[in-house]
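Note that the chains take the letters A, B and C in the order they are written out, and that residue 1 is the start of every chain.
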Amino acid sequence: MPHLTLEALEKRYADHTAVSSVSLAIRDGEFVSLLGPSGCGKTTILRMVAGLIAPTSGRISIDDRDVTQLPVNRRNIGLVFQSYALFPHMTVFENVAFGLRRQRVEGQALKERVDEALASVRLAGLGERYPRQLSGGQQQRVAVARSIAPRPAILLFDEPLSNLDAALRDEMQFELKRLQREVGITTLFVTHDQGEALSMSDRVCVMAHGVVQQFATPEEIYRRPATGFVASFIGRPNRLRGKLLQIGGDTQVELGQGLRLPVAGAPVLPAGSAVDVVLRQEDLRLAGPQTAGHPGRVMLRSFVGARVQYVVAMDGGPELIVEAPSSGPDAELAPGQGARVAIDPRHVYVNAVG
Amino acid sequence: MKLDDKPGWGLATVSVAIIAFLQVPVLVVVLAAFSKTAYLTIPPKGLTLHWFEVVLTDSDYLGAAWTSLWLAVSATAGSTVLGLAAAYALHRRMVRGAEFLTSVVMAPLVLPSVVLGVALLQYYTLTGLRGFTVGLWLAHVVITVPYVVRACLTALASVDPSLEDAAHVLGADGRTAFRLVTLPLIKPGLVAGGLFGFITSLDNVPVTVFLLSASQNTLPVKIFTSVEQGVDPSIAAVSTLLIAVTGVALVLAERWTGFHKYV
Amino acid sequence: MEPNTPRRAGLMLVSPLMLVLLLVFIAPVLMMLPLSLREYVAGTGISDRWTLVNYTQILTDDYYREVVVRTLQLGFGVTLICLLLGYPLAYYMARTTPRIRFALTMLVIFPMLLNLVVRSFGWIALLANRGLVNNLLIDLGLLERPIKLMFNLTGLLLGMSHIFLPFMVLMLVPTIQAIPRDVQAAAYTLSASRPRVFWSVTLPLSAPGILAGSILVFVLTISALVTPRMLGGPTYKVMATLIYDDFLQTLDWPSGAALSFTLTAMTLVIIGLSSRLAKRWGGQS
């Protein structure tokens, strides 16, 4: 039995539809990310689950209990806000204790639960401080402690790491994942950062324009993107315009002035259609000049740390950005050199224009 | 030529002069209260506390002071309760036409006070409320509530709306969230608005003067009507006492609430 | 964004105040309208007949015209004086250190909070025939007999400028503070002289504050009752004191009511015009 179920959830406003018939079934203890660009509806869904926004239609169930009409304060969920929303006039202790007091937990039991929550986010001993006396990272942890102290059924995160600098963000990603495993609480995590979503989640729900694009494990999303949007959103894409061709029994796509790439799978669109093509930088392989692959010339080389990026002008037209690991054999190609790019037909993602 | 725009000595001198000009009548009143003679000279021809004695033992003055005080306290209490509730609902757009309703609440600030005073005089005469305390109280609530509402709206605007959301998620209902989270955070603004309303009520003449019955009086109206009968240093003594009270109130208000931000 | 909050709660929070305002503010003002259209017969009181004379006499009768003109003169005069005195002070306050600015703000707010009657009384003590100014000048031998500083336009201009100056200053300071300092600095580097920079840069940029302050002071001045009554006495009248007399002395309520609406209309027109102007200038009023 799924723990959190969203059925045909819709949110319509006067001038646009934020969420269109979204259905998701999330298992007990699962960490699910809602991933997408801003405006895709992920935050709206989160706030509907929390009860802060009323859906236009659809159902939200926790453990098979319909909670759609239940007011916010009776849903037994936790929510970590993007701005943390710590009560500035209360100490850290009082902030964390707030939810517990509402549950009538008092005295010694209260103190123990608060200490337990603070210890789990590694902030023991800071109970008497005020939020303004803490760093951004510490405030974030207090927000998490406050949310889990009342032991809610579901834990929601609204882009909680976007205000942190990169190093802290990486650290917090591991912390949160570790915490979630320890506590075992069903978690819904909203983010626009694909790296975050892929690294932290058991499953990822990719969204665009209020519609679910794909709901699968990170590996599935990365290796087998279901739609053109997912293909271009996950990984580092080359986005090109091309023409779909049918040669013999094979489907091909023509890019630029004559570069033809075989495409795996049956064609969905008629031959001759203009199509959007996505080739991911990490899917393309640089090959030595003697091996198979489409010929081209290196124009530019960028060292990005763990990998090297090349801009390769292909014979027959388009420029492609190709990656190579910086510790590998192809890390030292110089501009002007010839190269071959191997493109697996399964990694040529073709979609209708638009 | 000075290239920075820090004010020069000329401007500083002019400013000091203007500030002095602002304080002069206040100082004159205080001087007259201590002066032995009924007319004013510099230097005064003698100092005395006699006029204070006269004022503090005069039952008319004491009665008027008492009326002013309880009227101000009760009107401020009323407008704080009504104004805070309304401000909260208006701020969160809990009713349609919130902007229109806000301007209705602020309208007493725009209407000349004397017009409100005479309108209420006719109205109370027609409805039989004339001379009754509740009529005075209602009038003072109307003139003080704009200040309370304005200060509350300012204070509410500075509170992060997700704070109340967070309280709700943690299990608090609407009333509890307001009491534990929003109210403590808007307290300085609320107090400042209440203080401003209190002073407005205490000060008021243009509305009050039309509504008092023969047996009622407030301090400012008493001073106002006494002056027509001739200038008398006891008026100066009363005024000095009022100045002292206002001065203390200002210092306390600034200490407690950072008053000058909400004026 | 709390659709779970029923509209009912909002109505319950707002209605008590709205009810009070309806009953004790809107209704009384509306009910004065028919009163202003009734005829008043000296000696017998308010008759049953309807008439427009209460309004027309404001324009046709010399006495009323004089009072209205005087009120407007006072309005413009006080506003001008407040601008001339208030702008330098506001400029100094805006550009000085925060500590000095705070002290000056307190010194500006303090007289504002004082009872209006007390402040007006202070001016009486200063301007009366046996008041401080006359006594001082006579003692110094500069005068032989006291000059009439009260019960005329001079006294009212002085007293009311003093009363409303803090309002002007408090409206100007934030506006001048908001003028970016580097705009002035830029003008200087373009070799403009100080007066030039003031007239062509600083002053125009403070226009919204000047407008807001002027409107406030003007409206307050023409609506004022206490100070004109105390410094002008029962014979030197402005519109507000005339209304006072109509209602409490002569008991000509219809005329007083008509004057009241005229005064209110003037106030609303001025505020309306100024907010149109402010929008055109792109400032806030």
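Keep this in mind: a contact is a pair of C-beta atoms (placed from the backbone, for glycine too) under 8 Å apart; a residue touches a chain by one contact, two chains touch by 3 or more.
Computed from a predicted structure; not experimentally measured.
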Most extensive contact between chains (C-beta pair count): B-C
Innermost chain by mean C-alpha position: B
Centre-to-centre distance between chain B and chain A (centres being mean Cα positions), rounded to whole Å: 56
Chain A-chain C separation of Cα centroids, rounded to whole Å: 60
Gap in Å, rounded to a whole number, between the CA centres of chain C and chain B: 17
For chain C, residues that touch 2 or more chains besides their own: 2
Where chain A touches two or more other chains at once, by residue number: 51-52, 71-72
Residue list for chain B, restricted to those that touch at least two other chains: none
Residues of chain B that touch chain C when the two form their complex: 1-7, 11-12, 14-15, 18-19, 21-26, 28-29, 31-32, 39-42, 82-83, 85-86, 88-90, 92, 94-95, 101, 104-105, 107-108, 110-116, 118-123, 126, 138-139, 141-142, 145, 174, 199, 202-203, 205-206, 209-210, 219-220, 223-224, 227-228, 231, 235-236, 239, 242-243, 246-247, 249-250, 254, 260, 263
Complex contacts: residues of chain C adjacent to chain B: 2, 5, 7, 9-11, 13-14, 16-18, 20-21, 23-29, 31-32, 35, 85-86, 88-89, 91-93, 95-96, 102, 104-111, 113-119, 121-126, 128, 130-132, 135-136, 139, 162, 165-166, 170, 181, 184-185, 188, 193-194, 219, 222-223, 225-226, 229-230, 233-234, 240, 243-244, 247-248, 253, 256-257, 260-261, 263-264, 267-268, 271
Chain A-facing residues of chain B, complex: 160, 162-163, 165-173, 176, 180-181, 184-185
Of all residues in chain A, those that touch chain B in their complex: 50-52, 71-75, 77-79, 81, 83, 85, 87-89, 98-99, 102-103, 146-147, 150
